[in-house]
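Next come two complexes, and both contain subunit A; in the first it sits with subunit B, in the second with subunit C.
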Partner chain A sequence: MTTIARILASGSTALAVLAALGATPPAAAQEQPLVIARNLEINSLDPHRAFCDTCQIYLSSTYQGLVKLAADDRSVEPSLATEWTANEDQTQFTFKLAPDAVFSDGSPVEAKDVKWTFERLKNIQADPSFMMSGVTSIETPDPKTVIVNMEKPNSEFIGILAAPYTGIINSDVASENGAVAGADAATTDQAETWFLSNSAGSGPYVLDTYRADDELRFRANDKFWGKAPPIKEIVIDQSADAVSQAQMLQSGAADIAMQVDPDTAETINSPDITIETVPSYNFIYVVFSPGAAGNQVPLDREVRQALAYAIDYQGAIDFTVGGNGALQASPIPNGFPGTDDLPMPEENLEKAKELLAAKGLQDGFSVDATVAAMNVYGVDLAMLMQKIQQDLARINVTLNIQPVASAVWRQQITDPGIPFSARFYAPDYYGSAQYVQFFGMIPGSWWERNASQKGKVDLVNQKEVDLLQQALAASGDDVARLYREIALEMINDRIIVPVVSPNLVLAYRNTVEGVRYSACCNLPLAELSRK
Partner chain B sequence: MSVVVPTQRRWRSVVPAWATLPLVGGGVIILLWVIIGFTIPLWAPYDPVSLAGMRFQPPSAEHWLGTDALGRDVFTRTLYGVRHSFPIAVVVIGCALVIGCTVGAIAGYVGGLLDSVLMRLVDVTLSFPAILLAMAVTASLGPGLGNAAIAMVIVWWPIYARLMRAQVLSVRNREHVEAAVASGATRPRVLIKHILPLCWSPIIVNATMDFGQVVLLAASLSFIGLGAVPPTPEWGQMISDGALQFYRWWIALGPGLAILTVVLASNFLGDGLRDFLDPRAK
Partner chain C sequence: MFAYVAKRLIAMPFLLLGVITVAFLLTHFTAADPLTSIIGERQMNNPQVVQAARERWGLDQSLPEQYAIYLGNLVTGDFGTSFRTRQPVAHDLLLRLPATLELVISAMLLGTFFGVTLGVLAARFRDGMIDNLARLFALVGASAPVFWSGLVVLFVFSVQLGWLPGPGRIDSRAVAPPFVTGFFTVDTLLAGDWAGFRSVLLHLILPASVLGWTVTGIVSRMVRASMLDVLSQEYILAARAKGASPVRVLLHHALRNAMLPTLTIIGFSFAYLITGAVLTEAIFAWPGIGSYAVAAARGLDHPAIIGVTIVGGAAFLISNLLTDLAYAFVDPRVKLGGRAGA
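On to the complex of A and B.
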């Protein structure tokens, strides 16, 4: 062998050794913590008090429902329940629990846990409690059978059970730590603090640590009864804005950035990063509160309609997400039952001026617009309001924008109310009833309560109440028809005016697999792995 | 025979002694901004709050400092920014001077228990970091430039109170003051006519230098969302918008340069005034 050949041979051997040393074996790769950059914005980690987008990720990873939303984002598939049946009029649902399902402490998941969980969710009277409205009793004939009885027909009940907030809690552990499910749970339950440092579910992950505005750390549940998640440790790192998240992603400090907006995504030019833009069911809306104390003129339906006509919807999409979004007709998002062929929001300055002139408001007026200073789904809410401020100035309406912290916004919208604002919503499961129950002008809905300021102005739309009852009792094509009628009523209410349904940017390092958008849960953590 | 006159002497023969480079340079920059502030509506290329073109356009002949996320002309907004930053600085410095100098003069001249009480109040206020105190006050009053101004007056008056008290203490025992007291002048007259006129120099120098600092603090409060509210073209607010678009550097460039020039100019002006008013400090 010549000297050159020997050098080449030894060099290639050395390279092979280096490559072998450098290439991380797949098993070891899965041991590395996977870091997700995201604005946490968590209101609670108590499954029955939590109500936020990060909460959806957290709850769907640490708890399991009786059913779960399938990858098609529409159908449901078994989870803790292996089978279920409903009676003919959809008032009684029977579930058979998986015989081998266990919580993270190794104890079996039993019917009593399901009963306790549903009763607590209903009685605690927090944001997601509406999901259990109408449940009259829960029977547990044996440890693996649950029968839920409803006051009225509810064809969406199975869909609701795919929502992360209905995940089953280990009742023994939670009760020992102050959780209460009885009728007085709203006042006697003391478990919220305990839930900030503990999870008590049967999901693929358990809560490792949570530090507010810092990180949410998951550890694989070593007693998980299903297929073990590939990644052993996942951290959601607090990163408030899209630019910081993009920087973390590019520097390698994060593997996934969850809230990169299309404008920022354009600035990422790295061959190591994958950017996908997918349609979502999320949407941003503006909302009128006629009952708010700060209203300078009565925000009656004609005035609301006039203001809605003055908004340049397509311009708002262009300005907020660079055109990467869609118009949305009603508070029920595109693609959900009842949304086919709904009339899209229309910009019509002439009609807006006519309506205001008919009310004697042609010279304009001022509206206070407090908005949470945050970026959601790539939309900066204060920026969106500035765009709408420009639009409304065309009909002499002055919008006084006041950006505040999200927690302050939540407080103000409840009391004394905010005349005009912008907010966002992501679905909890596939079904239209959730939107009617949250946005509809039906007694006690979140927005009926806040927009009317607890009845100071009568906003209840009885047609929506009746139609919802019919829809929940209906089956087949009637469901979509009835929800369409409700959607038209909600459009006509002009309390909630959807502005943009932004596309979702999925930005992640090429070494990560399994990143997908889920309608109920944002990002299913158990599906993530490293190449 | 020709006589060589040193350059400096030639310069001094045409420019008066007080016209130092810092004084003139700082004064010219501040004056330019004042002129811009008064005249900008007459010649601004675009409206500061309306759409001026496509969003996120980099600097070009049409938009010298590009456009922001809402397609507004950054150059126009930067120039308009002075109409918010300067008045707030003038009001804050003015109010802080009136309150601080009154308190300081009374404390220094009267002395005794009143002096102790007032100076402890000053100590307590000064013990808080200025930005934190301003944030706390603005957060409790609510966002807005008016509330930010109130917060900054609360932060700033003790500085002048302490300065004025020190000046009054150094002057009140001079012979001319004792002579005025002996001739039967009332205490307020002694203070106003015989003491205060000798106390102003360091106060004026300080106030001039503080002008830039107030502009900076106002911008800081707006940056964190406690000052100007949208769509006000305020420099701090604009930099905050730019921070959200890190790779579109031009959005924050204009307001950043504006703040830089104002703070530098006020420091130069303050230095120049000090040299002029108190040549011993040179």
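On to the complex of A and C.
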């Protein structure tokens, strides 16, 4: 045998040995932890500082709120609170806590924990703190009763409490580890690092281990007071992109792949894998900032309207997600209160040209379009911009696209502003007020501040302010009616122009059951089981 | 020799100080305020939160003050706290550096072994089929982007053939071994976890091969060129004339002398791979320094960026020193620390 033949022979033997080593007995596989492939991108595991999609999965599995979003994704059902009432003007909410609810250390969930949690969430002044804005005081007449008083009516407060960020924390344990709920919590709280390796909730799972950029591991809560989750151990394994996640799923290394885009999903041809495409409440929008320093012409309503008419919306959906998405009329996503029968965005080049001509801009102009270089919900924001660049060229408008790091985008959008950009949004809970408070042209909203650059251009829409106030005090059918009116106002503002609501791909091995998309929590882990 | 090593070791902190200074200045002249990655998007317009965050993270100090504080902390081993992971950077590096070293060492071993073997064979069978195949292999290895070759090998060997596991350092269902050295190969053995050890080895094969392929390409070409040069020397003719066997001539007389320039390449490759394993780590979900550096850069995580830079700088300095030492070991004519021509 020659040297080369020996090398080849030994190589074949090595591969055969590896193949044998790699095999896993099928029986053992049934008892193994369930693995979810996902890009973790966790900003924190502190329930009051966390604000990300994976955070929603984590928090809704390890903490419980007073109420939870039902499987219909619209109504709420009891969780830690067995019953609740609101006064007539929606300014006081009373909750009765489940008598047998306990935290993962076995201690009872009490009213003091609810009060401490809500106060910390408000005072820590982090991203989800807005959920407690308007709360003036919390009373605890007995260990199982909580009364929340609001400054103004807030008919969405119960819906907000279904958001994972409002999950109740074991106040004694958290306080012992540096957590502070007082008015100075924003500067004195020291618990964030502790929360990276510990959970202190009453949810079906507890945090086992977290290694940033590697894995997030859950263990079933031995002391869970509700129905025990079928899967005892779940791992969310870091996998940065759709292709890697699909490979993990196909090779059996993962049971669920969470961020497979429609294009990648088409490449999966395995009888062992289920692929479902479902509508989502997530959406990608473009946004005008008339107050941005870089504007070369005034981006007034007519100009914004003209540019919006020039966008080929269906083409954008086909281009970005291969048609696997939906049009969206207003910044309130399809299916939320007030969105029935709204007029969908329309492509109308003639109207666009007419509007520009009326402004003397028929020869066109340039617009700076800085966008975060990122792919979100399967949509590459820079590529979407390229598509819109082509669309706007038809009315002689030149889009100067500049992709930048996400952190740079956040800086620039705040100051000095970006004339034209693209961004995304996913719901924090089921309710329309969050969209009005974030996207609406009401004083102090995130986009009112940034689009006007702190009032350099007056964008405030007083109608939206008044209607929101009415909606928050309303009940029954009036709620949807009022939000519909607000949605029409927001469409007319033409500051935020939704382009695509991408569908969500659920890809999982056939051995897994209970995989579903949840508006608040992405993937409810406690509902997962094996066949 | 010892004086030479001592001199180099003494010079290292000063060189690193230069690296730290440059990294510190560069990170502070980026286009965005690092606060954008520390506090949430919704709070960027809240002056109270912004001020609190500035104070908490020391960003309210002047640049010279921040620099002085950073150096002072560094002396005590405090690399600062990551803006992104919210953990001490030293802790993050301690977790990730062994992962990268384990990958890079494996890649270097594979790459060097195959590179030298291919280079010797190519020189021995110059312009023959083996030489041409080796050239092709080297060319592809040196030029194929890792994001392509990584995905291809994953698809073929993991998805299609099922011979090897997919991304990660260990089976995603398995629990990582208790941290002792951070090298999973070692820690699983120390824990007596044979199944874990097997899983770790299998998980190493694909990323180490992909990363090592680049080294194989470069080393094999270097060895081939050096070998051809050496094989044409008169002392090789003399060795053959003395009756030395072809294998002895090739490996003992020729290869040893041909290894000198190759050692330089290997030394540089090691340092380069430590900081350059970024794509491999991304494709194979390998939680090492490379992926940490990318995430830090994207998130304007200044402490992490500087921490990684220090590690990268130290890796280059140490690998250079080791390369010089290897010179002296391989070629007795090289005297470290001596005057030129001595």
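Just so we're on the same page, the second predicted complex is superposed on the first by the 491 of 531 C-alpha atoms of A that agree within 3 Å, B and C clash if a C-alpha of one lies under 4 Å from a C-alpha of the other, contacts with A are read in each partner's own complex, and residues count from 1 in each chain.
Operating definition for what follows: contacts are C-beta pairs under 8 Å (C-beta built on N, C-alpha and C of every residue); 3 or more make two chains touch, one makes a residue touch a chain.
As the structure is a prediction and not an experimental result, all values here were calculated from the model.
Taken together in the superposed arrangement on subunit A, subunit B and subunit C fit without clashing.
Once chain A of one complex is fitted onto chain A of the other, the partner contacts of A:A200 are absent, as it touches neither subunit B nor subunit C.
By the touch criterion stated above, A:D263 is placed in contact with subunit B alone, subunit C being left untouched.
Contacts of A:I284 after superposition: neither subunit B nor subunit C is touched. Looking at the shared chain after the overlay, A:F319 reaches subunit B, while subunit C stays out of its contact range.
In the superposition on chain A, contact is made by A:S406 with subunit C only, not with subunit B.
Shared-chain residue A:L69: touches no atom of subunit B or subunit C.
After overlaying the two complexes on the shared chain, residue contacts for A:V379 are found with neither subunit B nor subunit C. When the shared chain is aligned, no partner comes close enough to touch A:V146: not subunit B, not subunit C. Residue by residue along subunit A, subunit B and subunit C are tallied for touches, and C comes out ahead. Once chain A of one complex is fitted onto chain A of the other, the partner contacts of A:Q390 are limited to subunit B, with no touch recorded for subunit C.
Across the superposed structures, the minimum distance from subunit B to subunit C, using CA atoms, reads 5 Å.
The contact surfaces that subunit B and subunit C form on subunit A in the two complexes overlap at residues 243, 247, 404. Here subunit A touches subunit C in the complex through residues 4, 15, 18-19, 21-22, 32-33, 35, 43-44, 49, 51, 125-127, 129-130, 186-187, 192-193, 196, 209, 211-215, 217, 235, 237-240, 243-244, 247-248, 250-254, 404-408, 410-412, 414, 438, 446, 449-450, 454, going by the rule given at the top. The touching residues of subunit B, counted against subunit A in their complex, run 49-51, 55-56, 69-71, 142-143, 225, 229-231, 241, 243-247. On the side of subunit C, the complex with subunit A involves touching residues 30-34, 36-37, 39-46, 48-49, 52, 55-56, 84-87, 92, 95, 130, 151, 154-155, 158-159, 161-168, 171-173, 175-176, 198, 202, 205, 282-283, 285, 287, 291-292, 295, 297-300. Against subunit B, the residues of subunit A that register as touching in their complex are 241-243, 247, 263-264, 267, 318-319, 322, 373, 375, 380, 382-383, 385-387, 389-390, 400-404.
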